[in-house]
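Both of the next two complexes hold chain A, though its partner changes from chain B to chain C.
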Partner chain A sequence: MKASPSTIFGLVFLPLAAILVLGLAPLAVVVVWSFWAWDPSTYWIKPDFSLAGYAAILEAGRWTVILSTLVKALLAALICLVIAYPTAYAVTFLASRRLAVVLLALMTIPFFTSYLIRSFSWRLVLGRTGVVNTFLQDVGLTSAPIDWLLFSDFAVMVGLVASYLPFATFPLVLAMGRVDSIVLSAARDLGAGFWTVLRTILLPLTLSGVFAGFLFVFVMVAGSSTEVQMLGGAGASIVSVMINDVMRVANYPLAFAISTIVLAVILGLVLIGNWTFGLARLFEDRAQ
Partner chain B sequence: MAIAIGIDNVSRHFGPLRAVDGVSLDIKAGEFFTLLGSSGCGKSTLLKLIGGFDAPSAGRITFDGKDMAGIPANRRPVNTVFQGLGLFPHMTVAQNVGYGLRLRGLRGKVLDDKVAEALELVQLAGFGPRDVNLLSGGQRQRVALARALVMEPGILLLDEPLTGLDEGLRQQMRDEFGRLHKRTGATFILVTHNQDEALSLSDRIAVMHAGRIEQVDQPQRFFDQPANAFVARFVGIEALLRPETVERHGDEGIATIAGQKLPVKLATTAQSGSTVIAVRSDRLVVGDGAAPLPGATLTVVESVFRGLHRDVKLAFADGQTIVVAIPADRDIPAVGAAMKVGMKPGAAIEISSSGMPEAG
Partner chain C sequence: MTRDEPFARFVVWTLTLLGFVAIYAPPLYLLGVSFNPSLQPGLPSPSEATLHWYAALAGERALLAALWHSLVIATGTAVAATLLSLLAALAYVELHARRATWFLVVVLPMFVPGVIQGLALSTILTRTGIKASALTVMAGHLLWAMPFAFIVILTSFAAVRRSFLMAAADLGASRWQQFRDVTLPLITPGLVSAFIFSFLLSINEFTRAFYLAGRQNTLPVVLFGKMNAGASPTIYAMSGAIFLVSVLCVGAIAVRALLRRPQR
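Entry: the complex of A and B
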């Protein structure tokens, strides 16, 4: 059965329209507006070609916030991958079908409640009188509460990893599900130990999943704000928080300029990733 | 180089399921040995135990007398051609074949030469740089074979290697296995459900059923002396008759079926329990040649045209039936007519009734 061209067009039209209108158009507007100028008479922006917004990024250490956001995103994405890879391996190759379903369901638990509540709950765990400190003192490992557990970069990283781990796990589970376990057996048969199989067979075959997981977490962290606000130390900032602050003083071109920079970095990552790892392969059906 | 395998009372249980149930076998070095059985009989599980991909629940597996317990698959002198092959999809043909040798530390010209030699052995010379995903089924099969053989294993395991190939290719690959077995001298263990494959290739065959071995023998022995009713039916001896009595004189006997006396060959080993008479249709004679031979006079029930011959179903007075083949150009026997069936020596064999379906 072959669908007629008009049917295909009809089916593709809606998602295509949704992507254009809801996704690309606002981003394009953001990029264009980042070059407009602030107009004090209307309290809004007017058409112009001004780089004032971009110049302002270099002021007041704003670029360091962008940089630290990217570093946080990079670190969180790597930590998530290190945790998610063995998890996905266990779910795919070690667990029974039934246990695998249960594990995957458990992994979606972070989505059950809001980021706000979840971040707040980490305060109860990591605080001076929190679960961790109480436990450490009870077993005598420390005599006084450890202060750097909460309101620190450490706490922010814990919150970020806890929030966005599933975004790394699911693409990896998807990628590993496409690896025939006989291929792994064949490698063992030819003399490869566990680590050799991992390095020469499983990793190369799941690279697209690794990159997809990395990208998802990276993008989510780059756009996050709750974790930093709830768990970060004094003066801790992240791009989203900074944009919010800038918007509050109605400096729209600056807000748009920051957004454009972040957008460019992520777009660059996607393109590099696709060239290097073949992201599209994750959704391809390799004839086997 | 070939390795002898000892399987000593080996079992593998999955919960209540006994996939392999107390199997003992001695496979000689350099032998082409086949595990034959229908799906779920435990043959693939037994192969996994030999390959080291699974550990037995009980019993011992030895290679040249050395206990293999605790030695993982990657450290056994065994290589496998897997069902489904398991070629590495991200590597070329040459990289696939050279994978194991690279792990052994071979590099450069030595590696390239060995890979080229292995590809030549399976008639894929010059295919080295190709993408394995773009090969035909038969070519992929050969790559898997080359990948295993290049390791010069003492034991080569073949797990249903011909499943999924078309008939012409099956014949061709089957000949290839025979040739490679002679050429390499390794111990070959083939797992299959296909009787033709087993019979044409094997030095010896073990017929498996429900986790147990029913019979281990040379191919022709399964027809001369099937161990029991299950084996007889499995190899295609459909006519199994329940005798009223069997008189024994040495290794010859007279079985009485529905009042007619038939000469039977008795089992060399003493039969315990109930027995049935297996009748080999290729040793039955009808028409002119039947008169001088001992045999029975039976009633024609039906006749079915089969192309080059005609299957005629004949019934004893008690309703038990046998089928004989007559040339297609012979007159069609009338249903209800009497027909004399002569039996050549060895046409009827007394065997254990184990595995006999209940009389319907």
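Entry: the complex of A and C
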């Protein structure tokens, strides 16, 4: 009993139109515009094939911001995996059903809360008169507030991990849910310890979840701006913040050129990830 | 699986706890600070906790106007995102061979950085002479909310067994009747969740609204300005309240949905 092509067309039409008109078309236009040239007479750009926008990325140390964005994304993704993997393990294999439900709910909530408010709240924790500094002074570990806790790369990394951790946890929970626990029990019965089981059985079986978690966090951090704006020091930047700064002086070709490169990297990574492990497969056992 | 060595269990639970503390402790601390009568940020003692700053919100004209604007935008976004995601999910179920591609098409906008999508959309709108308004922000928020709404609705389709639809068809139900009388009642909880999730995603969204909002800014854009202009306790109160409401909404939905799921 298959749906007729016209039924499918009717279902696909509106969502696809929204995605094309509001998503793909503006982004495609930005890519095209990134090759246009600045026209001082109209305060806008004119059709051209110019690489001036891309050349400007190499000036004023802008490429170092791109590089540091990639480093931040890499580091945040790795830290998130180190925290998310045990979390997924605890939820899947250690927690009682009731606790697992609570933990899964706690993992779902952050997706729908404000990244702005969550980043901002770290200021109260890491600031000179914040919780951490007060505590360190009260127990006598330091005599003066530590300054590098807030408005620093450290604060940004903490904020990024806290913001995007659930993007790593979710694919891992889904991946571990599909591991047959009998396989693990069998390994135990044969004398394998926890770390042996982890290394030889669980990690290989959940590798797709590890890749997906890494990829999601990497991509989200590469496109993030709020954490750097709220927690970064003077002059701290990340690609999205750099685009904001460039737009403040209406340098359209440069903003579009940076956007094009970021889009290419992010969409490329997602497509490679999708091609290797299949995004839809992550949800398949639930969807059908 | 309760036979793990104690040390391994300790490591696993410690890291798990660390993750949850990192996510929840700072905003909950902020919430606590919002009950402090003093201007100095810090946790109030239980005896002096006050709703003073929440009452003071009533006098914050700019914040309230922004909140109202955000509520309107979030409602519009949620209606559109839920309806479009329902269509997208129905298409996913029907599209057998191509469903993985369709899934990717719908979910991909989630990974487009907010700054880039906001900038792209706002530049196009400006060039075509469309004025920034609540509608332009909704246009930006729709694609941010849709992937989440789509996944939630898709998950709720697990309740719709093929056999239910086949039985209905055998009894003479048309496709439309099958949808209306079988599918729709079964996925209603998913639609409600998708609506609330989209609403929250929109009301909390900042980077796209930053580019797309017109003369009236949305709440997060106004909050952002005030946070950087020297935070005041009313900002803590507004932030704390928004965070708390978001947590309660999602928490209720998540617990209900997870408890209903059949035991593994």
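Please note the rule applied: the second predicted complex is superposed on the first by the 236 of 288 C-alpha atoms of A that agree within 3 Å, B and C clash if a C-alpha of one lies under 4 Å from a C-alpha of the other, contacts with A are read in each partner's own complex, and residues count from 1 in each chain.
Here is the rule we use: a contact is a pair of C-beta atoms (placed from the backbone, for glycine too) under 8 Å apart; a residue touches a chain by one contact, two chains touch by 3 or more.
All figures in this text were calculated on a predicted structure; none of them were measured in a lab.
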Go through the superposed model and pick first if A:193 touches only chain B, second if only chain C, both, or neither.
both
Between chain B and chain C, whom does A:6 touch in the aligned arrangement: first, second, both, or neither?
neither
Figure out whether A:96 sits in contact with chain B (first) or chain C (second), or with both, or with neither.
neither
For A:42, select first, second, both or neither according to whether it touches chain B, chain C, the two together, or no partner.
neither
Partner chain(s) touched by A:185 [first = chain B, second = chain C, both, neither]:
both
When the two structures are laid over each other on chain A, which of chain B and chain C touches more residues of chain A?
C
Which superposed partner A:201 touches (first chain B, second chain C, both, neither):
first
Once the shared chain is lined up, is A:19 touching chain B (first), chain C (second), both, or neither of them?
second
Touching both chain B and chain C, residues of chain A:
184-185, 188, 193, 286-288
In their complex, what parts of chain B are in touch with chain A?
51, 53, 72-75, 78-80, 82-90, 99-100, 103-104, 133, 144, 147-148, 151
List of chain A residues in touch with chain C within their complex
1-3, 7-8, 11-16, 18-19, 22-23, 25-27, 29-30, 33, 44, 82-84, 86-87, 89-91, 93-94, 97, 101-106, 108-118, 120-125, 129, 131, 158, 161-162, 165-166, 169, 177, 181, 184-185, 188, 193-195, 219-220, 222-226, 229-230, 239-241, 243-244, 247, 252, 255, 259, 262-263, 266-267, 270, 274, 278-281, 283, 286-288
Considering the complex alone, what residue numbers of chain C touch chain A?
1-5, 8-9, 11-13, 15-16, 18-20, 22-27, 29-30, 33, 40-42, 80, 83-85, 87-88, 90-92, 94-96, 99-100, 102-109, 111-117, 119-121, 123-124, 127, 139-140, 142-143, 146, 148, 151, 154-155, 157-158, 165-166, 169, 175, 197, 200-201, 204, 206-207, 220, 223-224, 227-228, 231, 239, 242-243, 246-247, 249-251, 254-255, 258-259, 263-264
Complex contact set, residues of chain A against chain B
180, 182-193, 196, 200-201, 204-205, 286-288
